[in-house]
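Remarks on the structure that follows.
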Amino acid sequence: MRTVLWAFGLLVLLFLLLPILVVIPLSFSAGSFLTYPLPGLSLRWYDAFFASDFWLPALRNSLVVGTASAALATLFGVPAAFGLWQKRVPGRRLILAVILAPMAVPAIVVAVALLLAFGPRGLANTFTGLILAHAMLGVPFVVITVLASLARFEPVLLRAASACGAGPWRGFFRICLPRIMPGVAAGAVFAFATSLDETVVVLFLAGPAQRTLPRQMFSGLNDEISLAIMAAATLMVLLSALLLGAVAWLRRPVR
Amino acid sequence: MRRRQIMGAAGAAALALPGTAARAQQRDLTVVSWGGAYQEAQREVYFRPWMAARNQRLLEETWDGSVGVLRARIQSGANTWDVVQVESEELLIGGEEGLFERLDWNAIGGRDNYIPQAVSDFGVGAILYSFVLAWDRERVREAPRGWADFFDTARIPGKRGLRKGPKTTLEIALLADGVAPAEVYRVLGTASGVDRAFRKLDSIRGDLAWWERGSQPPQWLATGEVALTNAYNGRIAAANAGDGRNFGIGWNQNLYTLDSWVIMRGSPNRQRALDFLAFVGQAQVQAQLPPKIPYGVTATGANALIPREVLQQLPTAPQNAAAALQIDDKFWLDNLDRLNQRFNAWVSR
Amino acid sequence: MTSRRTALLLIAPLLVGLLVGFVAPIGAFLWRAIADDEVAAVLPRTLAALRGWDGATPPDGAFVALAEDLREARAQDAATGAGGIARAAARLNAEWPGMRSLLPATGRRVTTPGEERAKILSASAEWDTGAPWRAIRSAGGPFTAYRLLATLDLRRDAAGDIVPTPEEQRIWRGILLRTLWISLSATLLCLLLGYPLAWLIATAPARAQPWLLGAVLLPFWTSLIVRTAAWMVLLQKEGIVNAALLRLGLLDAPLPLLMNRFAVLVAMVHILLPFMVLPIAAALRSMDPALPRAAASLGAGRLRIFLRVLLPLSLPGVGAGCLLVFIQALGFYVTPALLGGPNDQMLAWFIGFHANRLVDWGMAAALSVLLLGAVALVIGLYGRLVGFDRVRTA
């Protein structure tokens, strides 16, 4: 029974991992075919990646949009989470529903709605518009993660601080924030990863100057699958692994 | 104290954001073409030389047609495209609907600088090309003779690629059904003619694969995804020349037409766009395109600069033009939206 | 300052930002599903001339009004690119098929004043019948249910009764069912593959657990577009899967694995599987390990323990997993677009198609209402059956 479970479980894991792992060696191929066996190893597709007019700007745009939207989401999300942590807020459920809505509304609906709202206001095809959109998509992750951290925080510490004469702001920044900092950072990483992964809204809302990696990959896949795309994919897997590592490290049990 | 700092930081961020928006308004010239091997050739012959000559950046986009895309860009207020290469009926529809700027012919060398077909109020001809029947000689031994063979899955088994949309698809269906080229648009103008075309398509519905981008047909032939396909003549020739493929091109019953450059309405880069069009309108610049991808060009005198063996491969070569049906842009101006709707309902079921 | 006010002040910036930047745009977009202003914007004189008309022979004044309206609209379109005639024509086509081409074609005939009636009739003799005029009148606004009805393949007939649309135009119910079916299949397949894996993770030795979990988390964090690209490479005609099957002698000729339902489902299951595994694993791990032992000591067999103790306790995780997978699957756009053929596209693709290609934002909005309705229904049902307090994700 146990062996059957292990065999089946490992097969499923293989199904999860193999497609990603299979692609990585391909990007080091010396040939140009998308299959094995490799005719030899080379870095030519990475050269193509870095020499192209498209990929490097796309990488830069992804990092810029990801960082800015994560910062914005954190800036607005952390105070909101702190506010929501106080259970007696009127209309808490409704507020939470609004804040979490960007997670549940299908991306295509968000994309078209924002295109029509941003277009006449000159925000479509701008970094500002894209960053705002991604910040809204990332903010639920910040709020959820920070709320989870706050759940482990003892409110009695804040009362103690206020008894010692510290105002609410001082109490938050000196007592609470340091303790929930890993949660805040993990939330920011989640928001960054959301932006990095996002394809549909970018497809509708970004102009050629704002093309991100997923957008460039989408048009590349539509146009012609080349191994340069696999080089980009490999870099994105690497980036994802780094982010995963960062979150794992932030959420490690602290003793 | 701290509170003020936070407010200050938030305020600074809020101020910085509109700043980026303002900068984005002065954007680089954005040129939109059809991707793949064709856009690569344009990049080498047009885009990079223009950037080098003017010391300016040019952004590229790729699209796959449909006047709706142009409408959506203008009407949503979210347009960033400056120069777009459009098909002949898109030129007519867009001109009528005000999607394009009226072309200042004096700024691009004057009307006499171009062959007559290339001249219109809103666009200047870019290339002359044909939709042809293509196959891989390595896989399909017996060459198809025309579109009738395309529908004969017993003679040549395997999937067939067609361009997703009514234009070219319906013409091909009627040609295959035995309608004479000169009669195609008259028949397609009647309800029973349209039904006839769709009935013909229904006969091999399960074997049809629909491409949207010009780069797909040569890829599908190369991987054996389809046995026969409708394709742009230049992409097939480019795959033979560049990737060492052995694709066949059937010029019999080819569908001949022309693409044009237009400038999108309200483009803030109008002057630069005209300068770009003037640059790519020079005969000696245009003459470098056909050797890379065999499409006909539009500047008068360009053909004199093109090698003979390249001229033979163009849709305009006499033996190729003789077997062609010219796509009727007036017909599609009147009927595109209607047949699009019918086609979309048919294809997505 | 009370703590309640402080709390509200802290929440306010985000809440206001989301109301303005998210809720309002979506509301305004969905509103277009019932707004009916395309025709009124372009043909105001014609609508005025048709007021009080009996619906039989078209009144003479209407021809002059139509010509004036079309002349003005053409000038307006040419000057601004607003595309008013094209949009009005698309709207009218829903009332009377043929208008999509007829209205712009008629506009091309009446570019100069005079002889309006003859010029209009030269575009089509149909203008001499009541039908096109009745279409204009009934599309006069300001609200319409026709798009919402159309998404269910329904329409109003001349008498105002709701009837099914003609056979050859019926596509939306099929697409809705297809969307639900693909999402449901993906959810069930994820459950089938995910439950045993979650079980394995929850019961594995502590040493192995981080590795197993990591193997689920890496794909989970990998971008959707990367995973879709991977499947495109794997499933190509001359791709890795076909090559492997050929080499193993399982196939004589490569199979067409791309551009079909199979490719879409495989990739969707691959992308969504972690959303199933993680909540179930979390639910199983938070279970008291003494429970199955207690049951065993009371003489229960393995199957019985599983069915009566473990399964019920893991149900909240199963519910959360199914919810997450199903509502995400409903909105899939990129993966079917890249891996599927034309009849594997889901609702989301058609929303994009109507917004981007057909410039029919009203229909895009109506389809969005349908999609959002499905999502809300599932979430609501879940709230009723399971409740949100018990959702825990890893």
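Labels A, B and C are assigned to the chains in the order they are written; within every chain, residues are numbered from 1.
The rule is simple: a residue touches a chain if its C-beta (ideal position, glycine included) is under 8 Å from a C-beta of that chain, and two chains touch if they have at least 3 such contacts.
From a predicted model like this one, the values you see are computed outputs, not experimental measurements.
Visitor: Which chain pair is joined by more contacting C-beta pairs, A-C or A-B?
Guide: A-C
Visitor: What is the chain whose Cα centroid lies farthest from the Cα centroid of subunit C?
Guide: B
Visitor: Distance from the CA centroid of subunit B to that of subunit C, rounded to the nearest Å?
Guide: Their C-alpha centroids are separated by 29 Å.
Visitor: Centroid from C-alpha atoms only, then distance subunit A to subunit B, rounded to Å. What do you get?
Guide: Taking the average C-alpha coordinate of subunit A and of subunit B, the gap between them is 36 Å.
Visitor: Suppose each chain is reduced to the average of its Cα coordinates; what separation in Å results between subunit A and subunit C?
Guide: 23
Visitor: Quick check: what residues of subunit C touch more than one other chain, meaning two or more?
Guide: 236, 238, 355-356
Visitor: Quick check on subunit A: which residues sit in contact with 2+ other chains?
Guide: In subunit A, residues 115-116, 118, 132, 222, 225 touch at least two other chains, as defined above.
Visitor: If we count contacts the way the header does, which residues on subunit C are in touch with subunit A in the complex?
Guide: Going by the criterion above, the answer is residues 1, 3-4, 6-11, 13-15, 17-19, 21-26, 28-30, 193-194, 196-197, 199-201, 212, 214-219, 221-234, 236, 238-240, 243, 270, 273-274, 302, 327, 330-331, 333-334, 338, 348-349, 351-352, 355-356, 361, 364, 368, 371-372, 375, 379.
Visitor: Applying the document's contact rule, which stretches of subunit A touch subunit B when the two form their complex?
Guide: Residues in contact with subunit B: 53, 72, 75, 115-116, 118-129, 131-132, 169-170, 173, 205, 207-209, 219, 222-225.
Visitor: Under the stated contact criterion, what part of subunit B meets subunit C in this complex?
Guide: For this pair, the touching residues of subunit B are 66, 68-69, 71-72, 74-75, 96-99, 159, 164, 209-210, 223-225, 265-266, 334-335, 337-338, 340-341, 344-345, 347-349.
Visitor: Which residues of subunit C touch subunit B in their complex?
Guide: 74, 77-83, 85-86, 89-90, 93, 98, 100-101, 104-105, 108, 168-169, 171, 174-175, 236-238, 254, 256, 258-259, 341-343, 345, 350, 353, 355-359
Visitor: Would you pull the subunit B residues touching subunit A in the complex into a rising list?
Guide: Listed in rising order, the residues of subunit B that touch subunit A are 2-3, 10, 13, 17-18, 20-21, 24-25, 27-28, 30, 35-36, 59-62, 76-80, 212-213, 215, 219.
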